[in-house]
Amino acid sequence: MKENILIIGGGAAGMEAATQLQKMGLTPIIIEKSETLGGHIAQWDRLFPAFHPAKDVVDKMLDQVKDVKTYLNTEVVDIQKDNNGFHAVLSNNEKIDAKAVILATGFDIFKAERKQEYGYGIYNNVMTSVELEKFFRTGKDERINNPKKIGFVHCVGARDVKVCNTYCSKVCCTTALKQACEIKEVFPDAEVYTFYMDLRMFGPGYEDLYLKTQKDFDVKCVRGRVCEVSEDMDGKLVIKAEDTLFGKPLKMTLDVLVLMCAMEKNKSIDAIQQKLGVANNNDGFMQNSDMYLGMNNTAQDGVFVAGACTAPKSLPDTIGEARSVATQVYNYINR
Amino acid sequence: MNSQIFHPFVLPFVLGMAFVLTYCLVGLIRVISQLPKDDRKKFWRSLVTPKTAWANIRDLFGDCLFHVKIWKRNPVLGYMHTAIAFGWFMIIVIGHVMLFTLKPLQGVEVERLQGMFTNFYYPIFFKYFAEETPVFAFLMDFFLLMIISGILIAVVKKIHSKIVGVKRVMHFGFADSLIRFALWTIFPFRLIAEKTNIMAFWWLYSIDLLIFMCMLPFTRYMHIPTEALFILLRHAGIKVTEPRKGYVLAELYSCPSCGLCIDACPMSVNDKMSGNTSAYFMKKLRNKDTEESQRIAETCLMCGKCVKICPLSIESCDIKFSQRASIPYNINSDHSYLNVISTEAEKSSKVLYFAGCMTQLTPKIMRAMKQIMEKAGEDYQFMDENGVICCGRPMMLSGKTAEAKAMVEKNTELIKKSGATKLVLSCPICYKVFKEEYHLEGIEIQHHTQYIDELVKTGKLKVSKGDVNYVYHDPCELGRAFEIYDEPREVLENVGNLRKAKSEKEISICCGGSLGSFTLTQQERDEITANSVNDLMFNNPDEIVTACPLCLKTFARKSPVKVKDIAEVVSEKI
Amino acid sequence: MDFGFCLSPSSHVKMDSVDLTTFNRLKEINPDVNTCIACGSCTATCTAGNFTEMSFRRMLLMLQRGKEDEAKKMIQRCMLCGKCTLVCPRGINIRKILLDITR
Amino acid sequence: MIVEGKQKIWADYQKDIPDDHYFYVRSCIRQSFWPASEVTFLDIVRNKLGKDFYENEYHTTCGGIAYHSDSIPQETAMTIIARQFALMHESGYENYVCSCITSFGLYTETLETWHEFPELEAKIRQYLWDSCKKEFAKPKYLAHASDMIYKFRFDIAKQMKFPLVNVKTGKPLKVVEHIGCHYSKMFPSKGFGGAEYPHVLVGMVEAWGGEVIDYPERRQCCGFGFRQYFVQANRGYSESNTHKKFESMEPYEPDLIITNCPGCPYFLDRWQYVIAEQTGKTYGKDGYGIPALTYEEVAGLVMGYDPWDLGLQVHQVAIEPLLEKMGIPYDPKKKYQGVNGKDLGVPQCPMHIKSV
């Protein structure tokens, strides 16, 4: 029983699914469009809620898939299904036959410049959460120059009809508070403000993280969305928001503004997804057959989904789904 | 033996005695002069009023010499105190009596020995100068040994307090240790000097006395002379007004720092919190440590247990209130908004039920009370069903009696307009202030424990007896403050079985939720509550019953069994 | 010249110039103030709040938004009954903090 | 400030504008406040650029003022607008250009509403017929007059005599650009450069040699807001908006403000006088104010029109310091001369803000 299982996407979901499938005696094949495995999580410095180094997790996952057949810098350009299964053509012209396909294509980061009022790409000191994470990883970012006041804006590209994303991106609140702690660790004298709409943090240890921001780091959480950013004569950022708990508009000058960019569906897979007959849901992510018992299944027999391609998800969510998709695929092969 | 009537070793004693007498005299004048004019008049009058005069004599002996209250609390400690105080007193008395019966030593004239000056030190060093008659000699030795036996207990207590049944003792500084050492050694030295007549011991004895007397005003032993004054002042009916002045000064110096209140205090669940007990408060206030005494005053739960068990009945809670009043909270209270509330009563009924702020948070008490009153067919109305004005007690607890007036006045108006002849309260906190600060002539004020008891006893309310084992917790403001101990217990015996708690009635332990404390944190309160619950669970009851909404809420956090209000228990049995 | 109207003061809270001395002092004595999640239980149960705009939650915000005078005015309504402290889900000793604000 | 970022946005918010043949409608407010601006506009496009801009004497208000102050229902405003469009159609034009920002906003809103709700369009079609017996027609293209100047800004630059440069220092003039809210804040895609970083006026200023300053309250409304201004007691609110803008732009020391809305130049100009009277504060140098001009006035100045023909004497803020900076010759004696040299009389000098 050495059936091929085609896994599109070599991030956390793809790697974990491959690991499990291999243990089950199947032959997973990972197709990754970038030059390394690991996906977004490999770009991350530390993970919430306990500041665990992302590298630890990624390294362990990489080690587990070292014997899995992997194509890097490769995309699936065509895929057909017949009675024998799936027949994929890769961008390197190789052809692969597989009994099942797992879409583990993950997410894209919301393009912050789309929220024009925040001035990302226009004002020097506006940056994204991803860039801040990179700063934590490398210690370098010319925008961060011993800042005295740092602001975080939640829900950038989420819960916002103006950018056509009405969903909550799930991980940004927790990430914002994690990053708020981390920036305080680097600049203990800085004042850190977060502008949130609702603090949606519900996992184990998340409330402790919140209390940590309040008790240990004195992070100031302001309920209200930043509506407008501009630059003053000194190149500092002037932001406006309403403190909705206080019921008054508020104005302040910041040295750095960090935009907590939402997860969006990874659209680079759209063409293949269409060929496989997998639709999108209202949020623009992939539609699974139902959110309870069919979370890994799609309308198409033999096509499975795992991870953030169906909705914004945290790493534990994704790993859980990757493990469950492996079981689904195994049952499908042995049906 | 000796043929002099004087020897230089008496000088240290004479000096010490002169110093301490002068100090006490000045102190006495100071305290009396600081009394408000009316209080001073009261004081003089009380000294000649037979009733108070008799009480003075009774307590001066009972408390100062025999320490009756300590006997009640702890016989070993009682003996220790009696042995030292009464023994010492007797030695002085017998010494003076002996002056008239003495047999002078070789060649000294009796008349000379009985001179004024010699009187001052003679009885103290009697054996050096004269010989007693056998009876007196026996008595002197007896009392001396009695004192020494007391000192032995003190030494044991110092080394290992648990042997004498004391868990926590006060921690003293160098001065207190030194004077204590002097006190402990005075009588052994005297004994040795008398028996051996070695000059060194006479000297040591006299120097010990000097040390003791010179240090006395600056240490806790000042309680010995002050206590007498305090007893007189208290019997005169004087009340606490300001901290560190007049009457309170007498109270402060009367506190012997015996530490009985430390073990009694609900806060003594750990070492850190036991520093908040009254003994420390009195000491800090005495030492003019304003910051600390204010801190303790704000921390205290005001449960009143320390006052109840204090051998001297020192009103430490009242002193703490007066201390709180001196804290500049600067709230500038403005309760003028209460004026707009209509006082027009919707209807008139005999019984007016006032649930109070806290009871609003425990609606089951309100529901139970309604059921009871309806079942008993009472003509009642609910005063604060739709919103309540605070009774004013919490404001007073912060030392702001004047600011509480607005609330007291408004509530008084509301109650009077209702036409009720009886006011029933569910909250003991309210009960205290309604009883003490409100002027509701013609209106009977009852806590619902009393009210229910009355309904049951008059047959208005029929209850059935079940087989649940209850333990009753005495709310501080109901029990210690008004000694309402029996009514709730009788009610409970009618509806189930009453089991005893480890500490009951006047020594019951505060639930820890008391509004009296401003600064205790939730964690600290939780520790107190856990300890109080343990105490209540001593006889494994099925349910804890209390009569205060705050106790109810507090216990519910920590109790392993159901916690109910007495009204709720009764409403289940009608 | 009287135009029959005048410049209205800005309603913006100017965070750059807010004086946080009182709040910071309060926070130092009572680190718990930072754990307030603005649930409003204190306000909802408040005895004085029954009759006035009294709200401890808002008062804390006032101190953080430079409206100390308003906060101190609000405290005057307080009856110190302590219900707020009893209901606070974060275990904040509200009554003490109230007293500390003006102390 | 990352200019490339703005350029990217500007590139995203471009619109194709027909080159010629427009049906031009005037603005109620502008023809009262700045009558010379509309005259200058027509003169520039017709005579300097040689375009066909037709005016019809039968056009009316668009109904915007009444609509925004809640005195007429939407259907009424839409019927008025349908009549304007019908006039255009009858005159043989299909490109519609209006002088007023409020109108532009309302026309855009109306067209979008008709697009989203065809049943409403059908209703208005009927109303138009019932009330005016006119045939319903929609413009093929709708533009604001400032869009035209924006489009022709480089042609104007070619005929430019006095660029937006300080002749004494040789440095570009610092210009505050202020668009009318209804230009693109409701429908960002309908304005050059969108709503956040509108390019319509920036493009003109940069084409004519000036330097645009971006200050924190750039996006703030001038405070006109019909309802605020109509009630005297509410005018303080309107004034406060302007005040906020000036406080924010002051440190940048702007030389002039360019606007494309009827109300903005009026309020940015007159409130400077009121603020000066009430607080004693002026925002320009030496006690003068900061001139707030329409884009036509600025275009006219750079093209060498006589300042008094442009109607600059009706501004409260003295224009002379700006003319001197730009090196534009002017005859002070003619400032208050009407048509045919008629003496209009010199207005009283205010207490605080300087006039020449």
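We call the chains A, B, C and D, going by the order they appear; numbering starts again at 1 in every chain.
Assume a residue touches a chain if its C-beta (ideal position, glycine included) is under 8 Å from a C-beta of that chain, and two chains touch if they have at least 3 such contacts.
In this text the structure is predicted, and so the values were computed from the model without any measurement.
Removal of subunit C from consideration leaves the following touching groups: A, D | B. One inter-chain figure worth recording: subunit C and subunit D are separated by 46 Å, centre to centre, where each centre is the mean of the chain's CA atoms. Chain centres here are Cα averages; for subunit B and subunit D they lie 84 Å apart. Note: centroid distance subunit A to subunit B, computed from Cα atoms, is 66 Å.
Not a single residue position of subunit D touches two or more of the other chains. Counting only residues that touch two or more partner chains, subunit A has none.
Every pair of chains meeting the touch criterion is listed here: A-C, A-D, B-C, C-D.
Here subunit A touches subunit C in the complex through residues 211, 214-215, 218, 220, 223, 240, 243, 245-246, 248-253, going by the rule given at the top. Across the interface of their complex, subunit D is touched by residues 113, 116-117, 119-124, 228, 230-233, 235, 238 of subunit A.
Across the complex, subunit C meets subunit B through its residues 32, 45, 47-48, 50-52, 72, 75-83, 86-87, 91, 93, 95-96, 98-99, 102-103. Within the complex, the subunit D residues that touch subunit C are 232-237, 239-240, 243-244, 274-275, 277-279, 351.
Residues 1, 3-8, 10 of subunit C touch subunit D in their complex.
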